[in-house]
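As structure tokens, the structure follows; a few thoughts come after it.
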């Protein structure tokens, strides 16, 4: 099973061509669009978002991820990572660093296989898609093992006290884990602050709150409203949490 | 075949995780995205819209539908409905009431099966998706039969004289059935009104008209224009039709 | 393998019903969404865009394409084209003309097969989808061969010096082929002009340039910016290229 995680959006033929390239190699692959509006040009926020999604995927899932502002830059290597049994295919720009940091066992390879045709700007279709299809069906494309110590993920923090994503309901997702905070903490948003609530229906209409979302991250929401507008929040904004005084 | 009908939108990983949860149970399921911009937080309008779509689906289709503002609320039961041979999986909030009302044979069950992990806000992924996958492949998850008389759908009207959806062309779809009206009727829209035309190309460019859309509902459109803007219409607005004087 | 190319957008149930209609005929079809935001109501721009995408598709791909403002008009015939081994199904309105012009071998048929139910406005679902599914699985629906000389594509130019698409990054795609221009040419955009660069990372942030995109077309872009806004460009605008003086 191949899951796609990109910042391509649903417009244009980018995702369609990515899939056609997978099926050209493996006609029987199961391909799922996991997410195509990853934080655009932002591998760092995307890395924290992607890490929050993998717990709910089957253990043999292969993730093909592309958030790659530096595509075409010679310094950026194409990568395969294997972390706790799952394969990841994508650019070497930090996108897999949070997953690598959390993993018990992690290995990296540089992709040496060369496609018959490699455009400058669409490595997703030309390089990563065929590699993902090959790995998914058990082929062995040409790879070179890389030393884990050189991959740089060790310096990354496990969490990020920033907005990493705003969904289409206007819910504001942070890079903070629900397992690291307590429910009596508050989030400061300019001159206002929001308290914890367990569900949307636990607060009044148009009322703001924070909760632990379905992927385990701290999320700011407004019941039947849009938190991003109500609190003027966007990707990269800081998210301060503090313990309420009793 | 499992068809998805939700108000999740195409952004974020909601739909992707729903599908991954289906494939985790049934790797060979055929899954089709029927619609992911159902009227948001609006099970009532969604119920009329969904009912208009089922005539064109294969007789063994299973519909997994989630428009569920009350998710996490203990009073809201998870439901399986079987209506005229097709299975429906989703929340007990009216979403299936129009289909139930129209059906010749209808049965209901409460879902008793419990997933290993049930988040407060994403029952689509955690509960409904695995149940849909189980039913689609012929498994028998734990269910309790419910009395049809207690389901409340009998009080619902078969049609709704309101806007229930605006599509991305700006076409305005009502909950009125084309089979209940005659083509000499007009629709009043503020100080203006529109007449019937059979197709877009039957009227001039930028001209408004109503027609019976491809799903059998009365729809207000503007040839190569956007009716929602031209007539300032949104979901919930009334749609008055009256017989033209001869 | 069936690839879908339409201007339906991802909203509403249009694409979902198209797929359900395919699966109703052929439960084992592989269906890929190639693109659903083709230039709306614009078969001419869509024809140049679609032609740029086919090089990267498997040789046995079947393309189901619908950009059809004249749907329901009796003069518009439903068509099957076979060009260089691939089948194309859609309306006879020019949508396949650029591919026909480029093809070494091309044949046309009018679709005579009639569906049990043909709505006025949704021939994609009612007519083209079942035909595509039949052809994909090797059935022989009722067709009548048409004379190539009568199809009108010979008069079309192989390229178009206009904007034919703007993607969601704001990149502006022209109907000019990269293989017809040289990299010392400039594009005039009002009082400004842009030069060639090989990749996004070859120019500074917010700097405009033109390049040959991953589908071989001349494209105007801004590194980490939106060219459509920066240069105020939309579909149909002329794209002038001239040789720089040395």
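We call the chains A, B and C, going by the order they appear; numbering starts again at 1 in every chain.
Assume a contact is a pair of C-beta atoms (placed from the backbone, for glycine too) under 8 Å apart; a residue touches a chain by one contact, two chains touch by 3 or more.
Predicted model only: the values in this text are computed from it and were never measured.
Chemist: Taking all residue numbers used at the chain A/chain B interface, answer same if over half belong to both copies and different if under half do.
Modeler: different
Chemist: Enter the angle, 0 to 180° in steps of 5, of the rotation superposing CA atoms of chain B on those of chain C.
Modeler: 120
Chemist: With centres defined as the mean C-alpha position, give me the chain A-chain B separation in Å.
Modeler: Between these chains, centre-to-centre, one finds 31 Å.
Chemist: Residues of chain B that contact two or more other chains, please.
Modeler: As it turns out, chain B has residues touching two or more other chains at 10.
Chemist: Which bits of chain A are touching chain C when the two form their complex?
Modeler: The contact residues of chain A facing chain C are 9-17, 19-21, 23-24, 27, 40-41, 69-73, 119-122, 125-126.
Chemist: Sort out for me which residues of chain B touch chain C in the complex.
Modeler: Touching chain C from chain B are residues 1, 3, 5, 10, 30, 32-37, 53, 56-58, 61, 165, 167-169, 198-202, 211, 213-215, 224.
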